[in-house]
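Should a chain be cited, it is by its letter among A, B, C and D, assigned in written order, with residues numbered from 1 in that chain.
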Amino acid sequence: MDRTQRPAASGDVVLALEDVDKSFGAVAALRGARLELRAGEAHALVGENGAGKSTLVKILAGVHAPDGGRLLLDGAPVHLDSPAAARAAGIAVIYQEPTLFPDLSVAENIYMGRQPLSGGRRIDRRALAARCRELFDRLGVHMDPDRPARGLSIADQQMVEIAKALSFDARVLVMDEPTAALSGVEVERLFAVARALRAAGAAVLFISHRFEEVFGLCDRITVMRDGRWVSTAPTAELTVDQVVRAMVGREVASLFPKQDVEAGDVVLEVRGLTRRGVFSDISFDVRAGEIVALAGLVGAGRSEVVRAVFGVDGYDAGSVRVGGRPLKKGSPAAAMAAGIALVPEDRRQQGLVMELSVERNATLTRRWKLARAGLLSTRAERATAADWARKLQVKAGKLADPVSTLSGGNQQKVVLAKWLSTEPRVLIVDEPTRGIDVGTKSEVHRLMSRLAADGLAVVMVSSELPEVLGMADRVLVMHEGRLVDDIPRARADEDSVMLAATGQGGTAVVR
Amino acid sequence: MSSFLTGRRLRGGLTGVAVAALVLTTAACGGTTRGEEESSGSGTDGAAASADPNAEIPSGLAVAFLPKQVNNPYFDVAAAGADAAVSEIEGEFTQTGPSEASASSQVSYINTLTQQGSDVILTSANDPNAICSALDQARSAGAAVVTFDSDTSPDCRDLFVNQATAEGIAQSQVDIMAEQIGGAGQVAILSATANATNQNAWIELMEQYAAEQYPEMEIVATVYGDDEDEKSFQETQGLLQTYPELEGIISPTTVGIAAAARYLSGSEYKGRVALTGLGTPNQLREYVEDGTVQAFALWNPEELGYLAAHAGAALAAGRITGQEGETFEAGELGEYTIGADGVVVLGEPTVFTADNIGEFDF
Amino acid sequence: MAVDTTPQSPVAGSAAGGGRAPRRPLTLPSGSVITTFLVLFLVVASVAVEGFASTRNAGFLLLDVVVIALIALPLTLIVVTGEIDLSVASTVGLSSAVMGKLWFAGLPLETIIPVVLVLGGVLGAVNGLLVTRLGLPSLAVTIGTLAFYRGLAFVVLGDQAVADFPRAWTTWAISGIGATGVPVVVVPLLVLVAITAVALHATPIGRSLYAMGNSEDAARFSGIDVARTKFWLFVAAGVISALGGVYWTLRYGSARADNATGLELQVVAAILLGGVSIFGGSGGLLGVLAGALLLASVRNALQLVNVPADVLNIVTGALLIVAVVAPQVTAELRRRRPRGRPAAA
Amino acid sequence: MSERTGSPVSTAAQGSPPSAPAPHLPDVAPELAAPERSGRRGSALVHRLVVVRELGILAALLLLVVVTVAVNPRFLSGQNVRDLLLSASILTVLAAGQTMVIITRNVDLSVGSVLGLSAYASGTLLVTAPDLPVVVVVLAGMAVGAACGLLNGAIVAVAKVPSLVVTLGTLYAFRGLDSLWASSTGRLQINAADLPASFKALGGARVLGVPVLFLIAVAVVLVMGYYLRTYRSGRELYGIGSAPDAARLSGIPVGRRVLTAFVVNGALAGLAGVLYAARFQTLDTTAGTGQELFVVAAAVVGGVAIFGGSGSVYGAALGALLLTTIGTALPQLGLDPFWRDAAVGALIIAAIALDRTLTLRLAARLRGRNVRGS
């Protein structure tokens, strides 16, 4: 970055949103939202899912135009009517999900539309690669600028996004849940960059569900609820409890209520499971009533293991048994018949068919069982869906509405309903509370705990250490495609899990 | 995506975009059939009725002209002839038809004409059998059906106006070629589609006739340009590669002869390799003038349409029923006699050369 | 029912949280609009177009629709899953050519028809394998087989036409039910329509088709065997197209390699006009049938008033474009509606 | 239409922490640093695959030529090669334009109809004003094509409707317009005799023995190829096709770029129409019918991904040359000409299957080097 060009002195308000409204059709996403970013500060924006954070980000990014209210840049009103305009105004955005061009090179991804030119407005490819390398050096990333983005790991993709944001010399850096897919070390690296930017006088807007990150990085915190501004205050004057109360608007029960249950018989046996290039020689057991967490860094292969167990992916070697019976590989239908349920990692892509109605989603796994003589009636689906919606307290307008109209937490409940209705013996949950609000989160945790108490074998993949430590009877730790440790609840703490996850743990022999 | 192949094939079906779709008279009545003629003798109801040669032609006869495909210059000229004849008899002339030359879309137009209550339908069939049932329905609804240019099975129309006999065409082509190459040497044929019945009948007759009359003339190959310009062009090219000794090319299809002429005129073979066939004066004028083509043949499509319309009117009036031996007046063209199987022959093809080509515009 | 816009509404909250406008289906809802339009058109045409409303014309019209509607049945299912099969008309042509060839070789139709149907299944299976096993885009695959199968048809039969099929069969193919003018074949067609409609709208299989059309991943994670389902749909499309080829051959009494050339356009047009999203996941069979009937009725009525074929083509093209543009525009207008006004949920 | 892309980049990879922190960033524990993993080999691999892809078409082309020459040595005669290049020129120009559209994850099926319309328009222009300089006619034809492209592009970009459907509609509409025009003026066919000699000379003209039409096609390909590779807007076209949502978020004016691609493609189809008129000199309303299959086939065979984002004009041009050569070679090999369509179809399938395999292998290689777990 060229730090000399920054006009705003530290502490000046760079960007402000005043009374911004935004509706989509009849749905009001923002109602009088407010935000104020100062030069040289890291500012957190928190709120439950559906509070309007992402809409606000998209307004800053020029993707959406506000219906009412004002945007002020250096005190002057500004219209960001396109992403290009936002960029020109010095606003860089790192989105929740990386938005790269898989067919283009990493360097082109970073400099798209801003490639260095030589005479005749031609792209100077050499300069492009050189600049990119320079940028990577500053970030400490080793990546070939000429390789295509296709095949990059999520973390690497996120790094490219960060490099892109850096390359703008942005005055305002917006990070919309950038850490959701990152592991601890990577998060640290990202924060280092954010701090460096802040020190150089940029304003950093940081959006996250992880309070330890919010409190670790940010100078001030703005809380939103239901599209409205609730409060803005210096971090130093706030506690996590206060923030949570402001977000939820009520008191929240304790976060991780796993009860101790006597473990029963082994239900799920995984032996020597290997998928070349992804994970190898994975063996573990899960007993009835037990919650077993699969921990590890992103990319360690946890999701891949549970996908292979469930049969969405195949595997090259090993075996899976449920209740002592071998399970056919590569067949989710067989896994379901054997009593396995998988609540997948990506709710929007894998968990739900977003365009279909709540009832269709909730009964998708039970469509054959609900059919009479091969025929399905909407009434049967609705009755089942309504039953589960009540059991799990799903808040939905109408069950016939598309599931996309639900909040993230309620969507996750629909996914759970969809799977619990199959009456599984083994419940696998992959990042069960990612991106859902605090209130629902604890509901989900309570539910898992109750299910385990009812005798279900639960496997939980989670990147949130507190969740892992709070919920799990045992923690299986993966590192680079291998199972490296099996830590019982009593011994599990942040240090032991993190050490194992980063490959530093004693090479505990698992099983 | 879809119509990807549409047009191409359509033109393939349109054997002889302009011309050629001739027909065989008696011989092969279109379509390959297996076994016995199941339908022979099943004739038409009207055919048995007796003709009244002096019947009045009612005014206001609705005469519909249904070519293989609209916007085809050849059929447009024929339509002009038919239109002229219809105004002579004070009828109402309409031209209609599909934009692509397929039998199925022709059926849809025949149905429409049936529904509209046309008195006379003049049509050139895209398929000898596929439009039969539709024509039968039209006839049972009271329409007189005259095919021209390209026939259907004889039992589903009243009359067929044949532009020329297959023998006449075959002989004139071979004679023209023989004259140019001195009656001896290698000759190739550039046809339309590989199994266009009319083309094949001509080719067979040409081979017979050449063997009898010009034993020195050797027909070395028959290739198919599918009535696509580019394909015909490439096939011409291929012929000259394969047969370096080639003396002449006969292309009894307008698309083929035009493409071959264009190829020859732009190549080293111009003037060395003779070219003749069936073509329209407008398409070949250029090549006659530059010497690529010395002579070619075709009948006059305007007269063809004119004759077909008069035949249709005579049928509708009851002057004729389509029986062999009946005669009718066709305006300026004079009197015509119906031959076997309800076929009326227009006459011998016209030969076009540098001397007379200026007189024709179609 | 109006959506509650109070803060507690999960609906209001989530759309905002998603940060994007609620996604409207790309097409008309369930084909009701097109059906209404069809009825209106039929009424207007009956009054305004001489000869349109008659049993004979109805017969002609329905005969023109039969094969299109027939092939539209499996193709609708395929489009709902987000795939496409453009090779259907070439399969019709190849089936017709093979049928002609076998008939010419002296086989009885009772033997030929099952053979041709099996052939259709094989052709569909080739598409299905290329799409599901190799993971190739069906658009590209079936453009390839569109050319390939049509080419094979010409290899089989050249430009020959085989006619001379038994009168009884060819007459049956166009005969009407009593004096109603309604073709006899409409009856078996309606049976197939009913079967397909039930399968799509009221069975577990239908549910899984919509699921995989909207999100293949989510469908797989729900235990749906996406690859196998799609494979069998392609096979079904092949078999039904072969059946269409058999009927086409009998109806016109002529087996030709170029039979039904370009028919895929009309089928796809009927499906899109009927409100099925080209991206998969939405639409219904009723709309598709209405779409097919509307296209045929419009052409029929315009032909009756002597509108030239050039104009018919322009109208067909324009209808297709309007059918996809109109819902987009309405959705856009709905989005731009000033906030606060309740919208139908 | 079938392929819905979720996350644009495969998620099945693994990540390990970046290494070697830059001085001004806080230190990461050195033992956490991973060695370089992607390596320069990534780009080399990609480069090799692209080259392999185009070399593959070239090899197929050579094989075909060698076999044909073995059967018929005159296949490589000057006249025949000239004819072949001439035949390929029009398809090449169309394929170059189509590539630009396909790269943006769109398709233009109306090109055959646009070609017909433009050919008829330029023919009519020449009939009514025979003294017009050829350049003016070329520009007029391109303008007609560009107008068609503008309509296509506007509907696609503004109404956000799938281009497949839109151009399917305009395929019919433009053709209808063409024949409506012809039938309303009564000039159903324009023949060689109607065209001025200066224009007809263009069709057969040669420079150093090479047909001018082919040189025009080569020029189009080179300019287009250079543009797509070297200019920002060209790269943005790839970006749009590679990940449309990302393109929008990156501030790429997606609508405008797509519109431009359609207009340029339309203009090139218009140019192809003029070339068609110059070459065939007999114009009716069916000119160019069915070309869309061959154009899309040429691009796909040439390695342009049907769902956008990758491929080059050079590949598409090679594809056009290969398809044309097949058309010319089959009759000379003595093969039943009916096999041609079947061969084209088989080739399309082979090409996409090959591409798929190469892409999978590439992805596996790029990912494989990341994993040290096994």
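Quick note on the criterion: a contact is a pair of C-beta atoms (placed from the backbone, for glycine too) under 8 Å apart; a residue touches a chain by one contact, two chains touch by 3 or more.
All figures in this text were calculated on a predicted structure; none of them were measured in a lab.
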Worksheet entry | Chains contacting each of chain B and chain C, listed by label | D
Item to complete: Work out the mean Cα position per chain and let me know which chain is farthest from chain C.
Response: A
Response to the item:
The larger set of C-beta contacts, choosing between A-C and B-D, lies at A-C
Worksheet item: CA centre of chain A versus CA centre of chain D: separation in Å?
Response: 40
Worksheet entry | Rounded Å distance, chain A centre to chain B centre (Cα mean) | 73
Response to the item:
Touching at least 2 other chains, the residues of chain B are 1-7, 9-10, 70-71, 99, 194
Fill in: Residues of chain D engaged with two or more neighbouring chains
6, 164, 168, 171-172, 175-176, 179, 183, 293, 338, 341
Worksheet, complete the sentence: The positions of chain C in contact with two or more other chains are 139, 143, 146-147, 150, 158, 215, 217, 265, 268, 308-310, 312-313
Fill in: Touching chain combinations (by label order)
A-C, A-D, B-C, B-D, C-D
Discussion item. Could you list, by residue number, the parts of chain A that touch chain C in their complex?
Written reply: 21-30, 48-55, 57-58, 67, 225-228, 310, 312, 331-333, 335-336, 342, 344, 346, 349-356, 360, 363-365, 367-368, 370-371, 374-377, 395-398, 401-402, 404-408, 410-411, 418
Fill in: Interface residues, chain B side, partner chain D - complex
1-11, 70-73, 76, 99, 194, 223-224, 226, 229-231, 233-235, 237-238, 240-242, 244, 258, 262-263, 266-268, 282-283, 285-287, 289
Item to complete: Can you check the complex and tell me which residues of chain A touch chain D?
Response: 61-63, 82-87, 93, 95, 97-105, 108, 112-115, 117, 121-123, 137-144, 146-157, 159, 183, 185-186, 188-189, 192-193, 195-196, 274, 276-280, 297-301, 304, 346, 349, 480-482, 502, 504
Worksheet, complete the sentence: In the complex, chain B touches chain C at residues 1-7, 9-10, 12-13, 30-35, 38-39, 70-71, 94, 96-100, 102-104, 107-109, 111-112, 114-117, 127-133, 153, 193-196
Practice prompt. Provide the residue numbers of chain D that touch chain B in the complex, in ascending order.
Written response: 72, 74-75, 77, 79-80, 83, 87, 109, 112, 164, 168, 171-172, 175-176, 179, 182-183, 188-189, 191-193, 203-204, 280-282, 284-286, 289-290, 292-293, 327-328, 331-332, 337-338, 341
